[in-house]
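Below you'll find the structures, each written out as structure tokens.
Heads up, the next two complexes both have chain A, just with different partners, chain B and then chain C.
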Partner chain A sequence: MKKILIAALLVFSLLIIEAFTQGKKEGVLSIFEQPILITSAGQNAEVHLASVLAKRAELTSTLSQNATVKDLENIKTIVVVIGTSLKGLGAAGLDIAQEKERINLLVEEAHKKNIPLLLLHLGGEARRGKLSDEFINTFLPHAKMVIVVKSGNKDGLFNKICDKHDIHLIEVERTVNALEPFKQAFISKE
Partner chain B sequence: MTKKGIFLQRKFAVVLISSLLLTSVFSCQRRQIKIPELPSDRHQPYNFIGQKGMVVAAHPLAAEAGLEILKKGGNAVDAAIATAFALNAAEPFASGIGGGGFMVIFLAEEKKVTIINFREKAPSQAFPELFVDKGKINEQWRRSHGLAVAVPGALAGWAYALRKYGTKELYDVMQRGIDIAEKGFAVSKTFSKINKDEYEKLLLTAGTTSCYLNEGFPYEPGDLFRNPELARTFRFISSKGVQEFYKGELARKIVSAVKDNGGIMTPEDLALYEPVEQCPLKGTYKDYTLYSIRPPGSGGLHIIQLLNIIENWPIRKWGHNSPSYIHHFSEALCFVFADRDHYLGDPDFISIPVIPLTSKQYAAQIVSKIKSNLMLGYYPFGKFNGKQNDKENTTHLCTMDKEGNIVSLSQSINDFFGSGIIPENTGFLLNNHMRDFSTDPNSPNAPRPNRRPVSSMGPLIMFKKEKPFLALGSPGGTRIFPSLTQIIINIIEFGMSLDEAIESPRFFNYSSRGKAQNISLESRIPQTTINSLEAIGHEVIIREAFDKYFGGAQGIMILQAKKIIHGGADSRRDGSGAGY
Partner chain C sequence: MITLKKNFFSALILLFLTIIICFFSAFEFLRMHENKKIYPSKGLSTQTKLSTYFKDLQNTPGDTDVYIFQGQKKGGNLLILGGTHPNEPASFITAVLLVENILVSQGKVVIIPRANSSGFTHSDSQEGNPQGFSLETTDGKRWFRYGSRLTNPIHQWPDPALYINPAGQRLSGTESRNLNRCYPGRIKGRLTEKIAYGIMELIKKEEIHLALDLHEAAPEYPVINAIVFHENSAELAALALMELQIEGFEFRLESSPPNLRGLSHREWGDYAKVRAILLETANASQGRFKGKPSASLIVNGKDKNYVKAAKLGRLFVPFDEKGIPLKLRVARHLAAINALVSGLKELAPSIVVELEKMPPPSLVKKEGIGCYLRAQK
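Up next is the complex of A and B:
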């Protein structure tokens, strides 16, 4: 009886874990360190979601929507929330080219300083399209790992890029499910 | 008790708790309201069809709420108010009792069109430099702060319309709204995206525990959204009366929420709020007559201006969304925006030259300035001989009943989720319509005591040879009147059905301080057209294929010859119709 209960519990736990993180490749890559700099690529609103996720994961983070290379001082991981919002760009007084240039400089400097890039796509299907895809195609290859809300990867774009560049891809059903892998990513070197 | 006994007792408790949890989850799912099915390809033009009545709204449950009232014998006004309450529950981020708006009513028996202006007002302590903080405009104060909240007019306006032109009691028309708020419904992609877009504001003002976030996160498509506090508020209003909102317990909660967030609204501001009934603004396009709202609602005035200008051009020859059409239309918009910036404000306090602005002569002057293959680059406002007094006591969803009465109603809480401020335990959002005032203290539309800010709304009803032909309106900020004009032209000049005209690709341009801005257009407009526009000198911003930036129009078209009513609802948001 006890054995059956334990077995059932194990199956149940596995199902729960599966529901939370559907890792397409090798699961969560726990190589990231704190403190974290969170910024968006495309001035999307989901950058605030990432900040809340970091708080709930009890990670030390700074949110800067318009982060520049100066903000990388003492930073050990850069989290880029990807997806373009014309509304957000307008509010920040930036155009696509300026925003791309900002991220480009950040990524280059992070690479020089050996700061790993963790990429998040939390906007789902609604945050895809020509403008967002442009950013995804340009910056995803620089990431060590990406966490994507499943509906944003219906066409497998993230799989395609991750397979090509050997990037860890974690697919989650919902934004809130990103919390667990996000936390796990920082577990080894807290 | 033995060890085995304790073990069995614990096991029983676990099974019992699990069963209760599962039961509650399933019963909750069973209770939630099912959203009527819409065509699978939302963007494929689809006209809802009716013979006796029609309701179109920005959410299927709201359209159904209106239809239910029509079928119970209510008239178009009853149905409109029922739809408005239901929208507060089903599309709470766009409108509600914390906001305001305008409605155009056609009374079939009297053959009369009337307007109800229930636009919000500035608090009595407002002043032109209200948003200046340490010498700079504080944008956050305009968006998500107590100072952003204007005195709401929606409930007073709905109650006024119902009392004067409806047949049902407030209690009857709010029942579906209560039901939707209480039982909940599955969140759409539109709701989820907007919820994510406004997350920062909601964190700041509504807070993580409000019903507008799901355990502190935005709702995902398919999540159950319920708002029991709003249901309680509706019930409270139903039993105690609308005065509770303006002079009673709800008024106290509103003032307290605004003040806690740094605002200046007083109990007297709410107590003194009243909607205004006005005669409509009238314009013509060929053999069609259009009735819409008056300033401070600017949509009607600008649609008439644009139609007057377009009437002079061979647009059928140019072709739908051709480079010539988009170029000329965009240039016209630049002139219209110059007038808007210079003249528009609250006509209760300033003089607006409505008659010359909407005259065919003035349109001809603008037409003579616009060049076929050249951007003018400078767009002055119109100058008229002496300021005329406009004392005709000046001022979306659509409903139509079996008697032929029609309502075209636009309302708002301004930005999505308004200010994000929710009066304590009430479930409704307060507007941020103070943001519609100009930041320029010298503007005629600068914030001043008790003024209504300029709005871009333009609910309208059109007639062809004195018979009702089209009711139309849209959200979308300053894109409202350009989008509505494009829809009208799509129908009249390009022979499109109502929903074809609504779904058709849109564009937008404006001028600021006399200078043209970039043309925004939906990506369905061909690259060859974009190349031609760029060759003329336009700078182009390409947006999504169906972008809610351009609004979410709803309309009713009456096909007199076929004795059929068409309802058109925009797939850029969750537009839907229900006819019978």
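Up next is the complex of A and C:
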């Protein structure tokens, strides 16, 4: 009887631990390979920050603000910098639906080619709101990992989606702090 | 029927009083056309006029002072423009602060503190803005003009109903007096277009590599606390933003829309092919939500309405009871200039600019601007 009780207690404890840790993937997922294609979802300017991060991390990358499926040739990872800039969309001559369609096609093709998606949200609180959230809700579930600047996740939206879809979430204080996890996310070429 | 009794004596007194008031008001009014002196540092190599680069500006209200600091070592050439919009005081004060303090050891720094000098000679009608504001320096008070966003209509009139700027953008008529809509300028254009043309000529003749246009905007304006960059400067802007974050200054990046024509960050890059960046800070005194306009609002940046607006989530910058004082706004500009200069060093080592004796942004933020300025003589 005592053994059964101990076994039941162990199973119960494991279930509790599982319940609390479900979906919470911590630490950097070092599965991404180079070369990288960097693009934005929402025509934001932070895509240039991602490009600088890639250079600082000495990664082989191509920046294409308006990347299409053609740009996926020889690409091993797509880095999508998420956040909507109306100014950026206007400048690119795109509306929300067209931009969504572009990313959608890119993500579908990447899925077919087994190219993983690493998502970055670097604009903080300023890049949240209805339009940005639409992109986050649509495309974050397709990512393997997301790096988010803390002020952009005050309401826990990223946690919620990551928990539900089993995605690694890395929260950083400022953009500059994204460098280390970004670097670690890529398998060294050596 | 009431008949008014003629009283020539009373009428004469009233007429005389009116003349007296007009006489003294006229003096006060004309004082707005005087440029207050700027006291350059020992590092100044040449002081010239914008008309040196475009003769048509000579003896016009569009001509303005240009300060050139040439370093001993050859390097890059940097242009800093203050006062494009004279109702954005952090822009003008930052430029003055630089002229009065810096030494350049490598490269060249060209500073125009009053880019639109005509805009400093009047204030926006029906806004109730003060004519100026004063700052405490170590040896007394110093007075600065608070002007208008636009060229004085006395100098450029009338406005067209529709303005098609030199880059082909259709704008409302008043924008023909907005320097930051008139690039790349026109040789035979209106005064503001000629100023823009003069600046483009300066950029070419001084072989500028990096050009910065300092601005401010209302806290409810979305492009605020921002680095707005031409696509040729994207990497530089991104590098600078990260350095600014390390220094404790939060900025956002905004790319210059290629289809919004006539602005400095667009046309300097497109026509003169220089790295072009515009910097924005948050100035409550030019916002629509502000309470009573005053010199104190310009300097201290405190406003109850903005505190309320921030609580309602209507602003694009944090705004509390402490306000956003001029010293903080100037410190932000200085920090951004530092970060961009150091970014240039990393990206293009052949065009390095080395500035010395620049007031440290952290000290300006803490101790204020006055200790880096001389009092008016």
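Everything below uses one rule, namely that the second predicted complex is superposed on the first by the 162 of 190 C-alpha atoms of A that agree within 3 Å, B and C clash if a C-alpha of one lies under 4 Å from a C-alpha of the other, contacts with A are read in each partner's own complex, and residues count from 1 in each chain.
The working rule: contacts are C-beta pairs under 8 Å (C-beta built on N, C-alpha and C of every residue); 3 or more make two chains touch, one makes a residue touch a chain.
Predicted, not measured: the structure shown is a model, and the values here were computed from it.
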Superposition on chain A - do chain B and chain C clash or fit: clash
Applying the document's definition of touch, where does A:Glu46 land relative to chain B and chain C: first, second, both, or neither? both
Looking at A:Lys130, would you say it contacts chain B, chain C, both, or neither? Reply first, second, both or neither. first
Is A:Ile187 in contact with chain B, with chain C, with both, or with neither (first, second, both, neither)? neither
Which region of chain B runs into chain C, 4-12, 202-210, 310-318 or 526-534, after the two models are superposed? 202-210
Where chain B and chain C land on the same part of chain A: residues 45-46, 48-49, 52, 85, 87, 123-124, 126, 174-176
Touching chain B in the complex, chain A uses residues 45-46, 48-49, 52, 56, 85-87, 122-127, 129-130, 149, 151, 174-176
Which residues of chain B touch chain A in the complex? 189, 192-193, 196-200, 203, 214-218, 220-221, 523, 541-544, 549
In the complex, the residues of chain C that touch chain A are 223, 229, 234-235, 237-239, 241-242, 245-246, 250, 252-255, 257-260, 316
Per the contact definition, I'd like the list of chain A residues that touch chain C in the complex. 45-46, 48-49, 51-52, 55, 85, 87-88, 90-91, 93, 123-124, 126, 174-176
